[in-house]
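Pasting a structure here, questions to come.
Lettered A, B, C, D, E, F, G and H in written order, each chain numbered from 1.
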Amino acid sequence: MHPDRIREIIERVSSGEVSVDQALEALKSLPFEDMGFAVVDHHRQLRSGFPEVIYCEGKTPEQVVAIARRILEAGSDLLATRAGEQVSRALEKVFPEAVFHQQARIVSVKRGGRSPEMRGPVAVVCAGTSDIPVAEEAAVTAELLGNTVVRIFDVGVAGLHRLLARHRDLAGAAVIIVVAGMEGALASVVGGLVDCPVIAVPTSVGYGASFNGLAALLAMLNSCASGVTVVNIDNGFGAGYAASVINRVR
Amino acid sequence: MHPDRIREIIERVSSGEVSVDQALEALKSLPFEDMGFAVVDHHRQLRSGFPEVIYCEGKTPEQVVAIARRILEAGSDLLATRAGEQVSRALEKVFPEAVFHQQARIVSVKRGGRSPEMRGPVAVVCAGTSDIPVAEEAAVTAELLGNTVVRIFDVGVAGLHRLLARHRDLAGAAVIIVVAGMEGALASVVGGLVDCPVIAVPTSVGYGASFNGLAALLAMLNSCASGVTVVNIDNGFGAGYAASVINRVR
Amino acid sequence: MHPDRIREIIERVSSGEVSVDQALEALKSLPFEDMGFAVVDHHRQLRSGFPEVIYCEGKTPEQVVAIARRILEAGSDLLATRAGEQVSRALEKVFPEAVFHQQARIVSVKRGGRSPEMRGPVAVVCAGTSDIPVAEEAAVTAELLGNTVVRIFDVGVAGLHRLLARHRDLAGAAVIIVVAGMEGALASVVGGLVDCPVIAVPTSVGYGASFNGLAALLAMLNSCASGVTVVNIDNGFGAGYAASVINRVR
Amino acid sequence: MHPDRIREIIERVSSGEVSVDQALEALKSLPFEDMGFAVVDHHRQLRSGFPEVIYCEGKTPEQVVAIARRILEAGSDLLATRAGEQVSRALEKVFPEAVFHQQARIVSVKRGGRSPEMRGPVAVVCAGTSDIPVAEEAAVTAELLGNTVVRIFDVGVAGLHRLLARHRDLAGAAVIIVVAGMEGALASVVGGLVDCPVIAVPTSVGYGASFNGLAALLAMLNSCASGVTVVNIDNGFGAGYAASVINRVR
Amino acid sequence: MHPDRIREIIERVSSGEVSVDQALEALKSLPFEDMGFAVVDHHRQLRSGFPEVIYCEGKTPEQVVAIARRILEAGSDLLATRAGEQVSRALEKVFPEAVFHQQARIVSVKRGGRSPEMRGPVAVVCAGTSDIPVAEEAAVTAELLGNTVVRIFDVGVAGLHRLLARHRDLAGAAVIIVVAGMEGALASVVGGLVDCPVIAVPTSVGYGASFNGLAALLAMLNSCASGVTVVNIDNGFGAGYAASVINRVR
Amino acid sequence: MHPDRIREIIERVSSGEVSVDQALEALKSLPFEDMGFAVVDHHRQLRSGFPEVIYCEGKTPEQVVAIARRILEAGSDLLATRAGEQVSRALEKVFPEAVFHQQARIVSVKRGGRSPEMRGPVAVVCAGTSDIPVAEEAAVTAELLGNTVVRIFDVGVAGLHRLLARHRDLAGAAVIIVVAGMEGALASVVGGLVDCPVIAVPTSVGYGASFNGLAALLAMLNSCASGVTVVNIDNGFGAGYAASVINRVR
Amino acid sequence: MHPDRIREIIERVSSGEVSVDQALEALKSLPFEDMGFAVVDHHRQLRSGFPEVIYCEGKTPEQVVAIARRILEAGSDLLATRAGEQVSRALEKVFPEAVFHQQARIVSVKRGGRSPEMRGPVAVVCAGTSDIPVAEEAAVTAELLGNTVVRIFDVGVAGLHRLLARHRDLAGAAVIIVVAGMEGALASVVGGLVDCPVIAVPTSVGYGASFNGLAALLAMLNSCASGVTVVNIDNGFGAGYAASVINRVR
Amino acid sequence: MHPDRIREIIERVSSGEVSVDQALEALKSLPFEDMGFAVVDHHRQLRSGFPEVIYCEGKTPEQVVAIARRILEAGSDLLATRAGEQVSRALEKVFPEAVFHQQARIVSVKRGGRSPEMRGPVAVVCAGTSDIPVAEEAAVTAELLGNTVVRIFDVGVAGLHRLLARHRDLAGAAVIIVVAGMEGALASVVGGLVDCPVIAVPTSVGYGASFNGLAALLAMLNSCASGVTVVNIDNGFGAGYAASVINRVR
């Protein structure tokens, strides 16, 4: 509710068009709707042109379907992350246009929402084949949010030439997402090669002193390359979302 | 060195303008300069219009001055972070135009480099007064890299109205840096209010189970607000730099 | 055994009503029963009007039934926490009046004990739908201990307006339990909005650097909102119990 | 701002007593003051009758004095925690009625505010003499917030009879604060003896595998006594404040 | 091989009774058997009268049976710890006199070895019913090594009177083993009540911030009661063994 | 207070020798003195013949002197641990017979108490010269509590022959204390060589991944040698005390 | 591509033998192949005579077979680590000469590549029978890379004589790999006995405070024996590979 | 003592040349000197041609001088690590030929011992200028143990071309030591470029989530490059020593 709208109400009270009680009623929801923050949540998604997101882990297929129904009825596109076989089947059954991106564990439903304009391609780089599910989560998220995505997979730092062979793709990216487990060194190496924003995603790939991704997480937080920021372990969605927010033309 | 440059050399060998030995000499640095990565490091800084950076911690004033001299002679602007009293005095003595940003512990020297064009203001938000040094490191870094910075300080989540009172500044920012110690909740709250990129900086402010910033770091990595990325504890510079990379018009 | 009771015994010895041996026998259990702490445990529960509690994890259904039988025969009400399907079926079979609160994983048996008088409603607030089992454990515990409970679920800080929309419920609560996983920021935000006691329950909801609830636990311990206290990760029962102790009229 | 106040403004617009612009001006701060959350922060303190609090660590004496001045001019009482010698002297110089509670590291200034009514005494129990500074922080905080405080110091569980000797004081308390370092067992033992709310404060007292209070913190979070809640390591103030919130008659 | 035995050999060489080669052969195993440390391992067990021990975890039933056979053929008694159903059945099949102590997960085979003389009873104290398997491992180990064992189970510190009710058993013990999970406070409380050696065994019983026994482990290491020593988490066998070594008359 | 004493009081009430009030007065301290636990604390020390102990860390010299005075006036010997130069001088000034054991940081005052009888010598073994202060704390404690102590210093496992050269001293010990930092392997090696009780003391000696003694602590808790128990990092006193309790003839 | 090769190309351009375009084409792959680092990856393996390696964990049998096919077609030998039953069967089906080393979980395929010359035998020492799988991974790796391997198993430090009995094998080794879980003391003891390179492999064998191998890892990193280096927990392959690199004659 | 020597003694007893008592005396030291391990420690150092080492941290200058005197009198060269100004001055005063390597914090004294033959140069690579002290400790250690050392400093992975520019030095090394703090990525990158042994040294350089070198340590342990082994944080000496053991011709 804009200040103009408040002025209007009060002016109409002043002019007698509107009773005190009516005005009070209209102002009741003011604390929230007038904060200018009503865009938050539901509205923000719609405005940004991004689909709404359901994090499926810890929800039953029924719960996911119910939430999906509400979202889609509101006219938003849908993006369901961490969706296993059961959830994807449940969604596909109810929403025939649902698409299951298996490696990324994402189900998407497109309802015609126009994607926001983006500045350039998002490159998703990953170190090893075991990191691909997380990389795909990032890549598919970025694609569904409107980005063109370039995949640069299996280019770990122990074979530097494989990474360097893709330098043109790296140099052409507007945003780069680096996905790596084990020692997570790839984030620093990529970060040193480019001058666009780099988002690092540690993965839980590894064993022993990898401590389920802690080693890669710490390495990425301590990256000697300026401009690298980090998201949670295995949070491919978060990286894809953040890249889209950065990449969106506003 | 562009492929065109290689072709030119070889054509001049072919035409006899250049001897084999001269060509070989010219190609010697090829493996690196021709990678297209010669922009890395020194060159990247110059090209981006960003000043070069010295991290002063663990360096003697003499070392810092020596590195600074080399950078400035190369025509770059200078930004020296984690600079204490001693280092700042040493720099000011040799480079009279040096400016010491005390709270931010940054010394800057401007040599006329034109700042890159930026998209919009960077908002630096911090939770408590003890977080201000880190927030200032982020803010001064962003300013020296060419951004207009809006400071929104002391707006911790325990007094939510203080934060909400600044919602226009938040909504107007192109990038937001959130600096918070203790439980680091501010990153999630701000992340939920806006739809621009948010970079979270945990600080080591706190005691006991804050474990020198670990509590805030973990909280920020687990933020329930999509699109929040994180840098190292107390890494105001890193946040300011990453914000600038995101904000720069390319 | 009150001092009065000791005096009475000794007076009766003095008057010859009671022999030395009889007195000695009566005083034998003195070290414990006379400490004034005999109310501890069994007695305390009865006196407080609270049902007795069995923590079922790590106990066989047979063990739980056996303990339950003893408690119920002693005239106490029963509250069995962390009760899975097996345990609940075993209890329902033997005690037909047993009620299984599935989400809360609690089985309760009411034997007519009058609940203690409470000061006001207990609000149970949770951040996400995945936190609901723990929130329900807290809510059902509080209800079975005699409180009126107001549930305020799925009001995470990334959508602040949903929380603010329930401010009347928050303001009206005598005690508030805040249940949140991930970054646990909700405790600080709620703690800053109200002036009643707030008990924070971190949950193991999250992944990666949530480290099974450690992130939320540390965040809550470092809350910038004064007056917030914390219980163990996923300890909904503990929060419900503590809230009841605080809320009870004595 | 109460709804009544809004109605009044609108009625006066309606009656012509107040112009539209005046009304608008009066309503300008509405989003926050009218949220019903205006009690937060400054207002909450005043309403509750509690003094305002400055956490001095990481602030210069000048900063503390400046904040103190603003608080006292607003008519509130003052409580400055973690105040060292320098800060206390600076405050005493400017505010002659300031009182320095040395062991508790608290400076208080009383400006005549009436303390809120409390339900009963707060008992502050501590395990060893080294825990006394934290215990005193809790005790002095509770006293300055209006409680009668009973100190039960140096009653560690290795000498159980010393604790049991004070059972009357424990039984008579409305709220108990248990302060202990090392293994923190005192919280469980006290929690098992009483049926009032128990707030546990781990301290950093200890060495080696105490890990600066981590051992005591974990022990207290895992207390086998129901109804024990925990605050941050060494957070005597937090415990004193939480106890006061619990103990206050509303 | 005692020095006397070496002297004897050499004297017999000197007297011609034994040839140089025979002497050399006899001395061949000298570096180890003559170290005075030949008691180590196999010999130590026999000498001490203790049975030999197999730690079954990570071994196949076949491996356990094979090792058991070798031990029993050497005339030693046998004690197999961490023995599951499969292992116990495999042993019972081959060695009909094998006894399976189910709760303790121990299989023992007695071959007539005389137990060493002990000083007094070993008391095994545990906090909750979930700690009983570890307590039984300690108790059965101690029994099989020759001790009289007094079990004092389910006497957690939250119900202090239950523990105090057993004070005569505690006072009469030559060594006490305290088994507790959660906050592990029982070790300190028992340690403060007695003046015999106390061995504390943390268990992995608990959840959340118990971190699989870490909380109890740290608490026990930080015990404020002098004279308490600690073994690994869930190491009932180690405690039973150590108690036996302490208790053995030499 | 023995049951006989209670009987006596009651009999004298019965016979009229003592009034009801006098009896009540005499029985007043009953809950504690009659528990049979009156040996705890003060009394236990006296009975065991062990001196009383003050842990000086975190206490002012004045506090230490005051406590010492009370202890010595009660006729007990005194042992003050973690005593720095200041504390030792303060004690020496007031109690001329005080002895300062500098490396062990212990001050002792002997008031003629007869030491309890011990079974055999206590061997204190340490790995490196940097471990000597903790080893001395253990050794001096054991000596002051009445043991004969054999010091076996600087026998780390990297030079195994140095340790083996002392095997007679090891074999002759009644109890062995092993003090080691870094990887703490000495405890396992010694534990495998002997069949008497072994108490392991990890020290904070080391750097980097020693994490202030954590590496040694974990190693000792995981010792593959049965019968090794562990005390807190750097807790030489605790080891010396526990060894004395084990070694004392009762 | 050697500098000589570049010179040759340019000389042929100079002499007209080669056209500019042909030269450019030949130089195209220069940035990587000419780095002198083209040996990396594929080439390095071939040159060193070592087989190529597939880490199977997290790969489907189909993926492993596909990668294996490519490697073997390139003429390299193959070594597939962390291969379970499924993977081994899949490989054996396609490559009949495949050999499955079950305990080591390695599948190898020999295609006639000549092993590099080695300096001496590699000794693989392990502490307990549960460490054998990791020890076998190291041993089989070393064997397949061309080493003669001496296995010294089950020689934990608690039975030192068993280790000392193998001193000739230790003394004769060119490189020693020490595999141990629990307290990992074996690395220090072996490291102190020999003067060849020692590679320590912590294993996750143990329980409780072993924290899945952390105890052994920290112990090995803190080894008091100079010259010991460490690989990741359970990383038998890494140790076998590093030993081979050290042992290879170049 | 070789078996031959034992045979000789016994033969001389047999022939009457040597008395029984003389033989016994000669055999007395047998358990250790005859183990074939008498080379350990003192002897091993002499045999290997390596100087003896004193770790100075935690030792007084007097202690260091005393140990140094003993070593030098035994004819060994000396290497004193972690030597501060005080220690170095004390050594230089007594041993005029002592050399203080300031950055490496090493004092060396050469007494003419001939260095062992080495296979090739040792390259010491470090990431940043703050890592130089540790790198110098490694380099000076390697030099004093007889290696030719190539220093490749300040070649962090964020500026990959600086590292690649030194590829000839890397390729020519017999052993490489990689020293890096922060995220420690350099070890993996170097490990992927070369096929000689690589020893990684994490440093405590960094802040925040570097946790004093933990991040670099974990990264190096999880290196994706095969053949990398790791030493303790900041353990330059250990790396230099291990490199020498690997590099020595035997």
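Points to keep in mind about this one:
To be clear about the criterion, contacts are C-beta pairs under 8 Å (C-beta built on N, C-alpha and C of every residue); 3 or more make two chains touch, one makes a residue touch a chain.
Because the structure is a prediction, the values reported are computed rather than measured.
Listed by label, the chains that touch subunit C and also subunit G are A, B, E, F. Just to note, of B-D and B-C, the chains joined by more C-beta pairs in contact are B-C.
Of all chains, the one whose CA centroid is most distant from that of subunit E is B.
With every chain reduced to the mean of its CA atoms, the largest distance from subunit D is reached by G.
With centres taken as mean Cα positions, subunit H sits 50 Å from subunit A. Rounded to a whole number, the gap between the C-alpha centres of subunit D and subunit H is 56 angstrom. Centre-to-centre spacing of subunit A and subunit B amounts to 24 Å, using the average Cα coordinate of each chain. Across the assembly, subunit F contributes residues 31, 35-37, 40-41, 158-160, 164, 192-193, 208-210, 214, 217, 221-222, 226, 232-233 that each touch 2 or more other chains.
Each chain pair that touches appears in this list: A-B, A-C, A-D, A-G, A-H, B-C, B-D, B-G, B-H, C-D, C-E, C-F, D-E, D-F, E-F, E-G, E-H, F-G, F-H, G-H.
Subunit H meets subunit E in the complex at residues 3, 6-7, 10-11, 13-14, 16, 19-20, 23-24, 27, 30-31, 34-35. Per the touch definition, subunit E reaches subunit C in the complex via residues 129-130, 158-162, 164-165, 205, 207-210. Only residues 127-128, 156-160, 182-185, 187-189, 191-193, 206, 208-211, 214-216, 218-226 of subunit G touch subunit F when the two sit together in their complex. By the touch criterion stated above, subunit B contacts subunit A in their complex at residues 35-37, 39-41, 44, 47-48, 53, 164, 167-168, 171, 174, 192-193, 195-197, 199, 217, 221-222, 226-233, 237-239, 241-242, 245-246, 250. Residues of subunit H touching subunit F in their complex: 31-32, 35, 37-38, 40-41, 57-59, 63, 202, 204, 212-214, 217, 232-235.
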